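We just call them A, B, C and D in the order they show up, numbering each chain from 1.
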Amino acid sequence: MTEPLIKIEDLSLGFTAKNGRQAPILRGLSLELAPGETLGIVGESGSGKSTVALAMMGYLKSGLTVFRGRAIFDGNDMFALPEKQRTRLRGSSIALIPQNAGQALTPTLKIGRQIDEALQLHTALSAGERSIKVLELLNRVRLPSPEDIAERYPHELSGGQQQRAAVAMALAGNAKALLLDEPTTGLDVTTQAHILEFLRSLAKELGVAMIYVSHDLGVIARVADRVAVMYAGMLVEEGPTRDVLREPNHPYTRGLLASIPRLGEPGILPSMPGVPPAVGSDLTACAFADRCPQVRSLCKDGIPALERRGNCRVRCPYAGEHAPEHLSTRRVPQVQHARALELQDVAVSYRRPGLLDRWLKKPEPAPTVDRAGFVLKKGETLGLVGESGSGKSTILRAIAGLAGTRKGGITLGDGESLNAPVAGRDRETLRRVQMIFQNADASLNPRQSIGEILMAPLKLYFGLKGAEAQARAEELLEAVRLPARYMSRFPRQLSGGEKQRVGVARAFAANPEVTLCDEVTSALDVSVQAAALALLTRLQRENGCSYIFVSHDLAVVRAVSDRVAVLYQGRICEIGPAEQVYAPPYHPYTQTLMGAVLEPDPDAAPVLLANDMSEMAPPATGCPFQRRCTKRIGPVCDTRTPLPQVLDAGHVIHCHIPAQHLQEAGERLEAELA
Amino acid sequence: ETLRIPHELGFGGAESMDPISPQRFYEAIQNVYSRLVRQGEDGRPSPDLALEWSATPDAKEWTFKLRPDVTFHNGNAFTAEDVAFSLMRTQSETIDSPTKGVMGIIDHVDVVDPLTVKVVLKDSHADFPLLTMDYRIKMLDAETCGGDLDVLCESGNGTGPFELVDLDALGTTTMKRFENYYGSKAGVENLELIAIADQDARVAALQAGQIDLVYSVSAEQVPLFANNPNFTVQSVPSGRWVGLVMNTQEAPFNDPRVRKAIRLSADRDALGKLVYGKGGYIVSCDHPVWTGDQYRKEIDCSRDVDGAKALLAEAGYANGLKVELFVSDISEGAVKLAEVLQNQAKDAGIEIELVPAPADGYWGDVWMKEAFFATGWSQRPADQILNEAYRSGAAWNETAWNSADFDAKLGAARSELDFGKRKELYGELQDELWETGGSFIPVHLNITRVLSSKIGGLPPVEGFSIRYEDVTKNGSGS
Amino acid sequence: MPSLILRRFGFAAFTIGFVSIVMFAAVEALPGNVCTSFLQRFAQGPRLERCIEQQGLERPAMVRYGDWVAGAVQGDFGYSLKKRKPINELIWERFRNTALLGGLAALLAIPFAIFLGIAAGVRRDRSLDLSLSGAAMLAMTIPEFVTATALIYVFAIVLQWFPAVTIVSPGAGFMQMLPNIVLPVLVLSAVLVAHIMRMMRASVIDVMASDYVQMARLKGVPERQIIWKHVVPNAMIPALNVIALTVAWLLAGVVVVEKVFNYPGLGTLMIQAIFDRDLPLVQAIALIFSVIYVGVNLAADLAALALDPRLRRKGH
Amino acid sequence: MLKLLATIASKPSGALGLGLTLFHLALALLAPWIAPFDPTAQNADTILLAPNASHLMGTDTLGRDVFSRVVYGGRLAIAVTFTAAVIATLWGGFAGIFFGTVGGRVDEYAMRVVDAFLSMPWLLFLLLIISIGGAGPLTIIPTLGFFYGVAVLRVVRGAAMQLAARDFVTAAKARGEALWPILSREMFPNLSDILLVEGAMRWSWMLLAFSSLSFLGFGATPPTPDWGLMVAQERGLLSTAPWGVFWPCLTLSSLIIGINLLADAVGKALGLDRATAVAV
């Protein structure tokens, strides 16, 4: 083995608590990275992934200090190095690509200028040479028309383009190592897949070493040679990607992998109970012991050591023992015949023409959502998927009566119209449709106790007060498996998963017929996500209510939905029973999405079809997907709105291409993915 | 050398160079024009443009012998014609000068020869030279003024020690030494009159060396300069007063009982002490004639709160009276005086609300416009002040005092040739003012003047007696 | 871009129009009218009639407002009741003086304050920051008339470096004004500096915590360059409007400062006009100040537009 | 509340602010018991005495006890500005929450008007109002309250807008809650901190404004003992009787500093960063 480029030796760092105690964030971490190698770091939120990455550059966020250990880069102890030399190394030999490139680019400087700055610092090139080099770098990260991009400000680029520009900046100093801290989190699946492919090829081309931080095992599987799994600031397992993902040794890794939904095997997954220990807390036992299904008395005796097992290192004395099989449960469809909700040709637009526009007779912009129509049966779950900005939330908002003007009709099962906005609906109608929000944190009023939060709908819809309301609220908590003592707690005292349960309980307090779930799990860690999905499924079984389930994660949607609608630019491209939509024939857009899905499987490779450009507004006429479609058949795509092609079992595809051709193309993709 | 003196901007920029204009620019006319008779250091008449004067025994015709070889700033010769013109225009109906009431006694003026004039009075007046000593009875050039008795003459062409260079009432008015002055040539080359309305600002400017003197500072400001070698403090007993005026035609002051009640509520000695310091004042009983004047009448005006209350009750204000008083920082202690009276009158059930007014333009805008307001007068001889401020219809009759009886007595007093009887008549007038008048004159005060110690030739005399031509700066000049 | 700039100008015009309406309405709302409130006890007979005629009060309010605005646009603010002169004759000199005072104060204070704010923000919670912040707190809380009085005492009376009160002829040139405005400018600037510094400091601290500053550090950019290239322009953007508002609101302090230094500016004229109940004059001065303020805000808006590429996006 | 006070008092600057503010409030409330002399009693025998045993802060030009006047001197200013601050916070806060919650065109037009008001020279406008309505608390309180309320409105509305975009407000709207419960139950509790701090800050600026008015002759009138007026009256004697100016300045500034420090500390304790508020 070659001399490692980066070597972290027994590194502990953290902050000093109020009482003077050392509160560690990283606990005795040791890692190595060889030149040209890619190491993936995974773990739940707060496990210290970003902190490790930054520590490799000798960088500490304010308030943190190193307690013990060293971080050696290329023979230099980064923390012992004088500030000046450390600054020189940063950006030249070791560079960071940030998570949110949009926020990491200085908004007032042009892209070219920012790259030039890095060049100026780390190379001896003249101004003229630098400007050529800037274009070269932009070209290398495959940004279209580099001259143009160099003259733009960060906000004038799309998310994916910003990410590429950040990479160009990182490459300016001829780095030997690149640190990537969740560079694709927050991007659309298609964009993410493109960026990942690009990074992979980059690593190969330049031979740089990469550290890739992510909480998404699917991403890690795609890019990393080796994986390090972190838990509570410690390494719990480390080894070659294939070994770790195929044969996880640590119960935590196993739990993690088990709770990730797969496209191929839809089902409700088991989840890990409990929460990780608080940051900086004193550990005297295995940090995972409380949540471990195989816990033994020995686990509580002390922190287990990291031991070598085959190609891997594992921090569990019982790693070799075979764990009980995690079983996923298949959802049993509860669909009844009666309708719960119907949308007919609904259009929603946020921008109402102003006085001036009307006076100037400006053409109205195409509505954000158009021709949306579907039927939701009682007890059914309809999944809505699509890239960011595709109008998923907008449809939910229209149903809930929160969105702007619209045409078409929305009716409840018994014909009750939902065309009026919230203010125009009566209590009873309002009660029948409820929403659950993406960000549990933001959806609970921090100044209200859980009890107050749950009693508000009870009072509003049922006029319940006092003890009665109290009792009902406790029942609701019980239903979402939270103890009654949580009634008097405030949201900040709850974990993310618990907060989401409260959000669910609040929606169910109204005893709704239709529940609108907007990305309810995307802010949660995978293990918590599994529990939330299980909860929703159970409640549906018990109450027989219907869901519209919005997510950009195709696997999750598949796991919980009876039927799925694929949305692009506010237009439905394809809708039908889940198993039909997830099988050929595909709408070209569905096919693009499917190809971009990343599974935590070292052998699965995405198939990139359309490019990853992001569109700001739907086209005025023709097929909404016309500009990115790889299978365009001619001008008809630009001018005529595709008619629905109804296939069997209510499977509808909006595309000019005959279903037969789509079927064939889809089968080719299946083959490629397999 | 330039002598810099402040002016109070009492007319807010409307200051006029015509000495008899109601808005006369005092500090300027003082130095540009000359009088027939000036006020000597002792306050008695002393020769100026007239070298000597005499009267017929009935004191009805006064002859003045003029100084020869006097020229105006523009080179015109000063003659008896100019005197006749200057004296007769004081009575113009259209100009309506504050001096009209006083000088109304003149019937006509005869030019005897170029250097002799005879002034013929309507009635006898034994003290007529005192009247001509008035700071506004200045000699103008009849030719420059176009000989029209009924128009203001603001040319600034006089015979005084300084000639006008630039008139700028709102800013700095500049003058230079008049080389052909008939008296001793001025001790400084230039004179600047600088507009500073605010008393505090004037004092600050003096402290900062921006001006050379302040005519009068209040008692508490004296320590700012005392024991400071850069300044000289002069204290001159005088008939000057700062007082309050009730308009006798306006409610509630049209009721003499109300006026008397307010007067009775004041403790004049305490007021004097509080406002002007110990010894800087002489208690006065609302009569404008000071102790230095031969016609002063001594009256008892001690405080009588019960009496005041009784009078108020009689006048229908048994439950107290509430009045507004307009004051400004016009003269030394004016605001404090109002505050002290406010405090004292409270005991008699009189609530005085102070309404602040700007000093800038006070005399044009507030004085004589409101019903109850502050005023300030320089020392004047008894006959002059009584005629100027209390004759009905007089321009500066600030109390709107309107009594035919009083007017008749005024006439009688000035024509009375016997001093004893004259004094008695003047005494009766003063009594009447105390009983029913509209003035509140608690004290006559010492003028406390502060000069830069660079200034010489300015003895501690009453303001009208100052001879600016004698003033020197830094030992320069004669 | 041009349309954005036009929009800002449009809003400025709207604001001035609105302010003028409010001011006009405030005066209309008073019991009686301009003449009766001016003449008070003498509001009767020919004097009242003459005043009403001169002010044109017999016309309906709408017409008078229109005339007032139309006149003001041409620099004609009507007729002062007290001074019996056209208002524009009264205010021009004084406007110049006030503009000199306020302009100089702003010109000196703003760059200085921004610099101090940056210094304090960059060295957050260190001794420099603590002493600057402490000094700012003092300067903000001590009333202007107190500062002015203290400065007069020290610099005019004890040291005699500068005049205590302003003594200049109305037409005085800049060099004549100069010694007179040193102290007033100092007083005005002290407050301005304090407020702007605090604001700038907060903004700098915000930006220092941003991802892009962290990124610049990790890129190896030296601290000095980070501050001037990455922090300052971005910290300026949010601070600009607040600075403009503060400058505008604080410049109202010229009234106090002018009063203390006896300075012949619009502030002292306004105080006098209020004492005189000369409402047309008060209105005119208040309107002029509003226009200045709106101008300051407009300038800040335009500066922000120049600094912030994000604002320049069309339709934003 | 008690916990908040404890947090504030745990830092020296917070403790100082709290102490100063409470001290001044106590002084104003207990003035009749603290002041050794009648603050308006003139005495010809004690004119301009330097500080001594019986007159701790000396006497003024009318022989009045400066200490007694200083003790009384805050009553009017505090009463007027506190009332005005409460008015400003209440109306500005309510309107700010309202517009921030409602949003849309209503908010857009209202903000135009608010911005227009903010670009008015407040002191001059106040003077305009005074020239119409006359000086006195009845003119000054509503005017100060209104104008400072506009500034409060602006700040609170900004915060309310961010808050209204949070999902729990959307949830309440979707649930069909009426406007009032949304304003009072969802919005207000989350904005009360900002209101508290804003109110305190505005109060301190109003004190400054009011004392300036008094100094100019439009606030308190004699014989009311008032700090601004005292400075105006004794200012000319700075070099011989500095105590007449020094003490009222010191008390006024210490109160303003106290409120400022307190507001800063409250803001910090509540996790708000309020250094960017406009000092109107």
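In the analysis below, contacts are C-beta pairs under 8 Å (C-beta built on N, C-alpha and C of every residue); 3 or more make two chains touch, one makes a residue touch a chain.
Computed from a prediction, not measured in an experiment: that's the story for all the values here.
A.B. asks: Which chain's centre, taken as the mean of its Cα atoms, is farthest from the centre of chain C?
C.D. replies: Most distant chain from chain C: A.
A.B. asks: Out of B-D and A-C, which chain pair has the most contact pairs?
C.D. replies: Answer by contact count: A-C.
A.B. asks: Round to the nearest whole Å and give the separation of the Cα centres of chain B and chain D.
C.D. replies: 48
A.B. asks: So how far apart, in whole Å, are chain A and chain B when each is placed at the average of its C-alpha atoms?
C.D. replies: The answer is 92 Å.
A.B. asks: On a C-alpha centroid basis, what's the spacing between chain A and chain C, in Å?
C.D. replies: 51
A.B. asks: Centre to centre, by mean C-alpha position, how many angstrom separate chain C and chain D?
C.D. replies: Going by mean C-alpha positions, chain C sits 21 Å from chain D.
A.B. asks: Return the residues of chain A touching two or more other chains; collapse runs of consecutive numbers into ranges.
C.D. replies: none
A.B. asks: Got the chain B residues that touch at least 2 other chains?
C.D. replies: 204, 207, 356, in rising order.
A.B. asks: Would you please write down the residue numbers of chain C that are in contact with two or more other chains?
C.D. replies: 152, 157, 271
A.B. asks: Go through the chains and record each pair that touches.
C.D. replies: Result of the pairwise touch check is A-C, A-D, B-C, B-D, C-D.
A.B. asks: Can you tell me which positions in chain D touch chain A when the two form their complex?
C.D. replies: 166-168, 170-177, 185-186, 189-190
A.B. asks: For chain A, which residues are in contact with chain D within the complex?
C.D. replies: So the residues of chain A in touch with chain D come to 400-402, 422, 425, 427, 430, 434-435, 437-439, 442-448, 456-457, 460, 506, 510.
A.B. asks: Spell out the part of chain C that touches chain A in their complex, as residue ranges.
C.D. replies: 210-212, 214-222, 225, 229-230, 233-234, 237, 307-310, 313
A.B. asks: Taking the touch rule as given, give the residues of chain B at its contact with chain D in the complex, in rising order.
C.D. replies: Checking each residue of chain B against chain D gives 199-200, 203-204, 207, 220-221, 223-224, 270, 273-274, 277, 335-336, 338-340, 342-343, 353-354, 356.
A.B. asks: Using the touch rule from the top, collect the residues of chain B that touch chain C in their complex.
C.D. replies: Interface residues on chain B, with respect to chain C: 12, 168, 170-172, 194-198, 201, 204-205, 207-211, 250, 356-358, 360-361, 365, 369-371.
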